[in-house]
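Below: a set of structures, written as structure tokens.
The two complexes that follow have subunit A in common; it is paired with subunit B in the first and with subunit C in the second.
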Partner chain A sequence: MKGIKSYIPALGLLVFYLVCIQLRQAGYIKNYWIQILMFALINAMVTLGLYLINGITGQFSIGQAGFVSVGAYSSGAVTTLLFNFSSLSAAAKPIVFLLSIAVAALVSGFCGYLIGRPSLRLKGDYLAIVTLAFGEILRAIIRCIPQVGGPRGFTGLPRYSTLGWIIVFFGLTVWFMRNYIHSSFGRACVSIREDELASETMGIDTTKYKVQAFVIGATMAGVAGALLAHVLGFLHPDQFNYARSTDFLVYLYAGGAGTMSGAIVGACVLTVLPEMLRFLAGWRLVIYGLLLVLMMLYRPTGICGGREFPFLVPRLKRSPEAIGGRHDE
Partner chain B sequence: MTNNTTNIANSVLNGRLLEVEKLGIRFGGLQAVGEFDLHLDAGGLYGIIGPNGAGKTTVFNMLTGIYRPTEGRIVFKGKEMVGEKIHNFTAAGVARTFQNVRLFKNLTVLENIEIALHNGVEYGLLSAFFRSSAMRKKEEEILDEASALLKRLGLLSYSEKKASSLPYGLQRRLEIARALATSPTLLLLDEPAAGMNPQEVDQLAQDIRWIKEEFGLTVLLIEHHMALVMEICDHITVMNFGRTIADGAPGEIRNNRMVVEAYLGKGGKF
Partner chain C sequence: MAQTEQLVQLLIYGIQLGVIYALIALGYTMVYGIINLINFAHGDFVMIGAFTAFFAVNLAGVGFFPAILAAMLFPAVLSIIIERLAYRPLRDKPRLSALITAIGVSIFLENFPRMVPFIGPNFKRFPELITMRHFYVLGQASINSIQISNIVASGVLLALLIFLVQYTKMGRAMRAVAYNKDAAALMGINVNRVISLTFFIGAALAGAGGVLYSLTYPMIDVLMGGWLGTKAFIAAVFGGIGSIPGAVLGGLLMGIIEVFATAVYSELGYGSGFIVLIFVLLFRPSGLLGKAPLDKV
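Moving on to the complex of A and B:
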């Protein structure tokens, strides 16, 4: 019984995928909206990574777009420069794609370690400054690498990312994240957010877990970046500027920084909303901004208001012996 | 060097749990604590008293790795601890509570304890990501262990409550429970009776004795509440201006002229 129940979220994603594909084939939704959906899920993955760093561990990182660009460019380098996709057989393409995602994960995770290790000893604002600088430095570096297009942009990336792939990786990200948060490591991260000194006196190596959370968050952004690169087929350093990093922060805090549901819903709603407001033409961003301000005023806990979807909270059974049948006193 | 090693070996032979020798710390030009000695035998109940600003909490912070002493040695279970990180002091078996309760306020009582059980976790990062069956089994054990500990301390019925929602006395008790969850051999209590009424203090005296026996601990406490210290401690160290001014059994301390002077001025009487 329990076995079947735990597959419901995965089945739900599968059904969602099939419905989307059917609707597209029947012509009810345009490819354009499928692409928006893909962006929404990719943004949700990046925001989940940020949620682990800012929401769970209580650090303040604002350079998430930097890690997305590391993932996007490194995976693009693999699929475009390392392998010539036009000469690949149909069977080899997904393998190359997966390989490029793995490379993106490793490289961005490693960058996360390089940045996190020295700077997570800093508190609050200082970490924000370091991560901000990281994103900007990275942008400058990418401009200097002619192999990936430099300032002209990286063109001709194969469009390997399909809705199917993105849903698979989104599902895995959510699952891994849920499992991590509800493990002893996740609790260690939460305790750092709550009171770092008390956490340390409980025997928790706080530096280790701050770095760990940071690296995991960076890795997730990198994977999302790899998927993004192969949706767009074109990368430019300015796509990953400071404003982009701020977007992810807005997704997180608008959705509700306290829960995974908040990160996911925030990213999805705020990716889709500006598109739905397109009929307003020039007024679009004004209305978007206004909606955000209204939300801060009337619902400061975010769209999800601190609530979590039930399937994102794994349950454990307390054995009756431990409690001894009756409650104490 | 050889001298040091023999000293350490001797301290183990003597059954000394903690040897603190000539401990001192200097903050800029201020010598906050100096020449501080402390010898704790396993199973004892020790107290540190002294007027405000005497350096008691500073000593605790050095004994738990929060401050790094500028002079002296801390030998715990025969191991030199100066320079170790805070979490290594905890892993070695030193646990503490804080003067102004430092619980994880927004988390539940149960979660507070579970966090403190972190060092007993054997599963790796991959097990956590995949929520393997070994990981789930260990998590269930942690849940049971935390519940059992809460039950022993009479806090089980609060386990799903937010820590900050507990009455003050219970928050203090929870902080002790959380310290116990790290399975310490030495428990440091920083002013456990602060803010308690006389009934609560009586209860606390019993609790401390009971916890010491039940968990096989050595207890070192800082306290201003003189009646409590005199009642439960086997041995008391008195500090003033960062120095030890007296050291002995409660009876001796009560009649020590220096101590009476430190607290009440010349000509005072307890």
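Moving on to the complex of A and C:
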């Protein structure tokens, strides 16, 4: 039983990748749409990290773009400043690229730790503000570092991320999140969300799990940022402002904050939707804003409505109440 | 300029900016105090106020007082409509739904005027409503007529607000609703009307803040409310969100800190407020004048 079935999601991703590549080569989809797809998956990774912090642990971060910027800039620094990427041999490129992603993960994970510590004293909205402020401070710091371009932006990054790389990291993120959420760690986080005091009484080290959630969420954002940096080839501090952070928040809650599927679907749909509305020119953002309001009014549980894709739930507990559920405050 | 003169001069600039932050922060803090919603769209009322005044002056040729009155009334009425349509249906839903709705409203308010032909995305020059005159206060340090009118107008509005909240029946109802919505409803207070009034006052103050800001920095565009709102929001949290004196203190401090930090090193100006905020929150987790929330078990 355990054999082939558990590989279906991974195989599905592989098939998806091959289909995309074939369609592109056959000329059915333009490179433009491949790039949108890459952005969608990167956004989904960041949103999954946010889902762990906001959706599962019940903390409230609105500074996710800050972590993305740290990942993007640190990986860019590794490939561009530390190694001269374009002069490397073809065999060394993937190694340096992976190294830069690892550095991005470490640095942004550390930032997540820095922000997770004050969360021990702060609750709710105050915590939210600190994460917002932290993201803005990171942006202000980046502006002051001339080596990465300061306020002018960081140019000349190798455009090395491909759909393949992104799908691999996306798959790893989803796999990790699924297993984390359904482990004892994940259950501890859910208990903190439901009632922090009660879970502390039951002997759960709430401090540890809250910091852990922040570190993991930030790491994911950092890896996504590293991939993003090497899709764009150009970084600017203002790409990662507070409006960008609210974008991720919107992806999460519009998709449905109760489930992983919600995070993924929300990020993908809301990345693609503005592109589909592009023929409306400037009106698309007007419509986007209206759609957001209408959706919250008429379908407050988000696009996915609290349902989870079956392969995202381990076999033993495929019931929606096990992890989803509503959460408030 | 001598050291003290320079300090006085910077302090004047700081207070001038601070009173504007304070006016905008009041709206955040009052709405938060009453329905626990971070109203992300609040900053955009600043922009709407500035544009209302802009059109009032350019089309109807009115002076300072009618302009600021129009700039207060229009966003205030608009905010009541928005509250009725977008926030009220979500009041008993999870709090974050309302938050996302507020983000949606903000995206709408910023982009709709951008697409309207007579507003558009470009910067517009705000008319000079007050003739610029300089008065020397201490040696070389001077205060100009715009700064004086900013400070006086904010002071008057603040006094009105305090009178309204502390000494009128409606103000007492507002405080009661902020304290406990259900109990207030049981005492016969029309909670919906009180919440509408709170939005009305908050947006009116934001509109006034928009006019005062545009007098000082006379270039306005549709996105000005976004970051101005963020800073005012930070100021509200800094002072203790939900507390009216806190918002005033937070706004003033934020303005002064920002001006001084910019004077030290120009790139510092933007980040300084946030750094101070984090330190304040580390030592006083609910802001300078905020009350620590009571944990109910």
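FYI, the second predicted complex is superposed on the first by the 314 of 329 C-alpha atoms of A that agree within 3 Å, B and C clash if a C-alpha of one lies under 4 Å from a C-alpha of the other, contacts with A are read in each partner's own complex, and residues count from 1 in each chain.
Convention: contacts are C-beta pairs under 8 Å (C-beta built on N, C-alpha and C of every residue); 3 or more make two chains touch, one makes a residue touch a chain.
Computed from a predicted model, the values in this text were never measured in an experiment.
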item	value
Broader residue contact with subunit A after superposition on the shared chain, subunit B or subunit C	C
First, second, both or neither for A:L285, with subunit B first and subunit C second	second
Which superposed partner A:Y242 touches (first subunit B, second subunit C, both, neither)	second
Touched partner set for A:F176, first subunit B, second subunit C, both or neither	first
Which of subunit B and subunit C A:V250 touches, first, second, both or neither	second
Partner chain(s) touched by A:I141 [first = subunit B, second = subunit C, both, neither]	second
Which of subunit B and subunit C A:L197 touches, first, second, both or neither	both
Which of subunit B and subunit C A:A133 touches, first, second, both or neither	second
Which of subunit B and subunit C A:K123 touches, first, second, both or neither	second
Set intersection of subunit A contacts, subunit C complex versus subunit B complex	197, 327-329
Residue numbers on subunit C that touch subunit A, as the complex places them	32, 38, 40, 86, 89-90, 93-101, 103-112, 114-115, 121, 226, 230, 233-234, 237, 241, 267-268, 270-271, 274-275, 277-278, 281-282, 285-287, 293, 295, 297
Complex contacts: residues of subunit B adjacent to subunit A	64, 66, 85-87, 90-91, 95-96, 98, 102-107, 111, 114-119, 121, 123, 125, 128-131, 135-136, 139-140, 142-145, 147-148, 150-151, 154-157, 178, 181-182
Complex interface listing, subunit A residues touching subunit B	176, 179-180, 183-188, 190-191, 194-195, 197-206, 212, 314, 316-319, 321-324, 327-329
List of subunit A residues in touch with subunit C within their complex	118, 121-123, 125-126, 128-130, 132-134, 136-137, 139-141, 143-144, 151, 197, 242-243, 246, 249-250, 253-254, 257, 282-283, 285-286, 288-293, 296-297, 300, 326-329
